[in-house]
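What follows is one structure encoded as structure tokens, with my remarks underneath.
By letter and in written order, the chains are A, B, C and D; residue numbering begins at 1 in each of them.
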């Protein structure tokens, strides 16, 4: 008997790939099943399980915006078994995808607001989805400030996109690299994101902040935002715990009573403050 | 997914006769990851190779599999072709469908299937190959020679003549080694000193040779091409530059001790020169023998100082530490004579007139303690009957060493001959087990001694030597006649076994494998007799195994050639198929280190940012690793892997042949 | 609630009838010294001992190894093949009340949205026949988690041993249908309410309530006590694998170059790899923090999400722990009610 | 796995045996090439896989070959003394001797696993070896495929009662024997803690359900919580490598004679430093498992093990040691036909649930991560199906060969009762017989599989 099988992925084909950095690659994927191409919908911030058959699954956020139909994108960093296998694939190869999972960014709440979007390293991936969503629904959102950082100039993601975004009206892009990571041609800032944030000292004024990046960066950025007077309800971040099922069953990603895969990955700083430090 | 190209060779009819090559190429095209597949009559021909190059470029291949003959024949050919087309050569491998398939099977069906599975295995392997680059190892153009005997001298001269600087380290005050002790050399009976001394002088004068006598190797670090050597120069208490070797000091010295160069058959002073032709020709003050005591303080006697014209004596001399970087090392540490209990049973050490071969050499030598006159040490009388005993300790696994010392038959014959020449009326008896005279002119020499010199050869063993009424009674058995016999001798000369003089200390510093008799282990007993298991370290002379002077000199030149060939390159390119360690998962049990025959595995400390030691892990010195993979198997949690034969490759290969 | 009686010697007839009706009977039986639920034909093979069967029933609903789907590679293509699951109607016979209650807990996990198809299918084919406990073993602590030797939680039929017969309580319709398979074996009977049955409850020692410790335990999250209680945990998976409610799993691929399967295997929060990220970061870096997760998941987090504890007091984890860690005592110790 | 041929496929008409040959590059591969050059015909049923050296050939590759459906495996390399890498084949000889002994014990037909020395010139020998192996496989028929199935009902070892059981020499042990040790132990621990010689004492305390449980005492006043009795069965040395115990160094650890041997192993393998612990050796009359004297205690004649910094109680060897009843069980198994042995062990392994408790309690299973956790490649299938279970149990046994000191903790804790002790003991006997080595004696001696002797027995090699 065939059973409901949420673990069965849909086949997606790699139609394009972009090397963002030495160890970070973006894939553009198209569902094999033509009906799915139209039917598939998701929210910025939601994620999926990407399968390399014979190797396994890995979780990445969908890096493209739901407003851009017909394909999805993911950016992944060379880390373990699955990402290594993904790295060996070529345009035209088939992989599996199941999703979308998780809660996504609260785009309804964000509507009408000024946004401060802070991303470090591969943490820019979910933010790219959100930014593209905002730009595609430009009138729904206020000013968008993007603070993007990486260890070195070579480690910055979405270089082309950043340039395009920065040219849009009401969008400001600030880029920074860690001290020592700059090149002679570098015109951006030099400094760790929390420090740059401190320096910029944005005013809360009803702004919503979305922070995404390595745990240490999030930790210190939240502290700075707190000092700057941002309400924890209006500071939004995403968690990345180890996940297997994506369905709130396998017991791996929970932080206290919360399943990151189901109840997250998007949390407000206020939510996080209520959770045990088990991440 | 990978983009593999498969090229099936017909080898004329050699493969195509048995294997359906067209079918093979078609089936190969269906293997996941294969994007190009073709067959051709002679893949190794230039048009064949061009097919490979073109496909690499046109189809952007990430791997190449050539199904043809044995990789031993053409892997290099095809790898070169790949490299020319811009593909890393290590992404190309061969499936051997000729030697191991078409030539050994007749059933076309089964041979084709086998060829297909074999091809598929290589495809799976190549899919998981990583581009590798040869490991460059820079080479320091200097060679260290340890030991200044004839082997070390010859090696140093050859290398220096080749234009490469040499540091020659000798433990004793003078170079020359054991050969300097010899009287005349078999089978031609040239005087040892006469042929050795010019070489010793050349060593001293050669601009490319740095001679460090009275020095010892303290420490050796690094690896092939890059050894860092620390040498300790012991204090001579005589300034080598000021000393003219005039010898005025020695007569002034009131303290005399046995002269070790003469095997204690004569005396020397506390300030001495080992022998008149010593190189360097300078004196050495032996603090152990000096009246001032080993610390030369407080000074009670300064007579040598007073006698020394150039004021070369310096009581405050201190050891000097000399550091040298060298690219290769030649170990020419020579031999010692065995001092086993068995030797004592024959009266050695008990009766002064039982001596070993080297002592007898000194007696025979014109520069020896008696000026070449053969007299008994006990009473300085000329011995009328001399018994020579061969194989003392040699070929005697129970009480000595199991091997043949190789030179005793020859030198004993020489001893007997020289004795007979000096004491024509004397009687010489030789006890032997077999006569081994396997060298150019050796058998003739033995025959001459036996036939012309009226020396009595007795095939048999000696059980005991004891003193009776001023004579040495030699008890033995003539195994040819089965008779027990006893000879009353005036002098007994033992041809004692040779053992390697590699001190365990030095061996450890060099990470050198030696057998239990002190002989260095060569990398291959037949094909690489000069190399050791440690790349860049070579053996010369008796340090490797007992041998005579011509063999020693030949091997020394061979070692010099090897060392020269090594340092002649600016950098050394080593095969990149070496082991590597995953430091994250390594638990530091060092099982790998225990099984590595090359000492390529080192310990590495992993510390956190604060400097706290987190763990100690293994790390592979790629300059030393030979890629055998023993460590990978020994590693229980597979923190090790071997490039070119990785775990992933082997597992995938297995899946492909067993399906 | 309907009550029948069933003669013990007729259990075999009942089993035969159930089998004739196409049902598979799973009961505790012993093979090579190992006691676990196995499909059986012969009633004499049934081995019921005091206390729960060492190996819990969960393997029949949530197998240690479940193939989710398989795939083949052909050239550049991948063909996915869904896994067909063949399930008979099954009767779980002689589960203990704690085991039945545990299945209810698994239900909350696997049947809550989105339901797990594999579990759902098996669960819908399963009827649970529980045997009340006339005797407790020292490790039992069901009263401490709000259950009892006569609890009906999760049961479809509840049996009570009385001399040569069983009192049979019909707890659910599903259970009643089992009686209807061979109604002549069951005589209508009378009996006390299950909680009035002469169970060993009054004599059980381990009944200090663990039902309302969640808040307190969570408050201890940063406490050093975890180091103390968790230090001797060896990180083996016995407690989780023998626990009737633990349900963590791993998803892995097994393949060669040409085909493979994706499957779901039991996993355990005590294993170091459980939460290890590919980046090398591990939110629970040591055994005490993993043990904390186990305790908190059972007695705090699950409670918050599903309003019940994830522990049924069967005591298996404590009894089979290689180093004698007793979760009952440890929770008491952590919440300051026990000094041992 | 889909790739494995089913039994029916394999027994169809036209079945041909499949022999996988693992050969070294320098001798046998060249020998096989030579056979080709001379056009010597041999069976096409062989598949040759080239390795740099027999020293690179991991027993696991052989297991994998069988797992994937090979009917037989042949390993071939250079004759002793000819190894291109000096000693690879000599190390391999030791490894394979043990592996072969293990596979024999598990019931793999001996003909399925062969070893040979074939030099580059011995083309004829190569042909002969391959043909004879293929013929042997043809006679045996297809391997039990997929690897790890039962081909019939497993025999039972439930013959313990009829076994010639040794007298239980431990019957004379009295409670007093423990009590004296216990009180001295408390005194000693108190002293060690009070004087700061150790930061903590790891010993046994009273458990709530089990009669003894490991406890950590950090305060001299708590020393009276330490107990020592016949229930103190756990081997506490397992904690010495635990990160949670790092802050407690130097740690006083209570060891019985058998546990003390694992300290030797840990020192030998650089896992503990001598200064990090003090071994508190308790004079042990014996311990019980499930109410019976532990098997290991029946033949134990020591009260104090090799590493003892402090001795509590008598160190006199016991005069009453008897035989180990497992030797009889091992003999029984060895009398069975291979198929029976195979079924016995497959039945055992089929129960494994991969809780890895055997690994967790083993003091010498300290690898972090373990090979079972390694997924590139997946050495051991993690699924608790028979194939993965066989791999796991087989490799744990191999990794312990020459290292297992026989504390039997793995067997004691196994929740499904797998007789790991029989496998460990069988391999220990093999190591002792072949290499004259006994684990847990001398930390300065290299473990037997990390070394070799030029004249090690190689009677199993063609």
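Things to note:
Note that a residue touches a chain if its C-beta (ideal position, glycine included) is under 8 Å from a C-beta of that chain, and two chains touch if they have at least 3 such contacts.
All values reported here derive from a predicted model rather than from experimental measurement.
Between subunit B and subunit C, the least number of touch steps comes to 1. The most central chain, judged by C-alpha centres against the centre of all protein C-alpha atoms, is D. Here A-D and B-D were compared by C-beta pairs in contact; the pair with more is B-D. Averaging Cα coordinates per chain places subunit A and subunit D 48 Å apart. Subunit B and subunit D have CA centres that are 40 Å apart. Subunit C and subunit D have CA centres that are 33 Å apart.
With centres defined as mean CA coordinates, subunit B is found 63 Å away from subunit A.
Among the residues of subunit B, those touching two or more other chains are numbered 1, 652, 655, 659.
Residues of subunit C in contact with at least two other chains: 73, 76, 250, 252, 255-258, 260.
Under the contact definition stated at the top, the residues of subunit A that touch 2 or more other chains are 56, 81, 93.
Shown here, the protein chains touch in all possible pairs.
Against subunit B, the residues of subunit C that register as touching in their complex are 73-76, 256-258, 280. The touching residues of subunit D, when paired with subunit A in their complex, are 375-376. Against subunit D, in their complex, subunit C makes its touches with residues 32-34, 54-55, 64-65, 70, 72, 138-139, 227-228, 230-232, 234-238, 240-242, 250, 252, 254-256, 258-261, 263, 265-266, 268, 271-273, 286-288, 315, 318-326, 328-329, 340. Contact residues on subunit B toward subunit D in their complex (touch as defined above): 70-72, 96, 98-101, 103-107, 110-111, 113-114, 117-118, 121, 523, 525, 533, 577, 585, 587-591, 594-595, 597, 616, 626-630, 632-634, 636-638, 642, 644-645, 647-648, 650-655, 657-659.
Here subunit B touches subunit A in the complex through residues 1-3, going by the rule given at the top.
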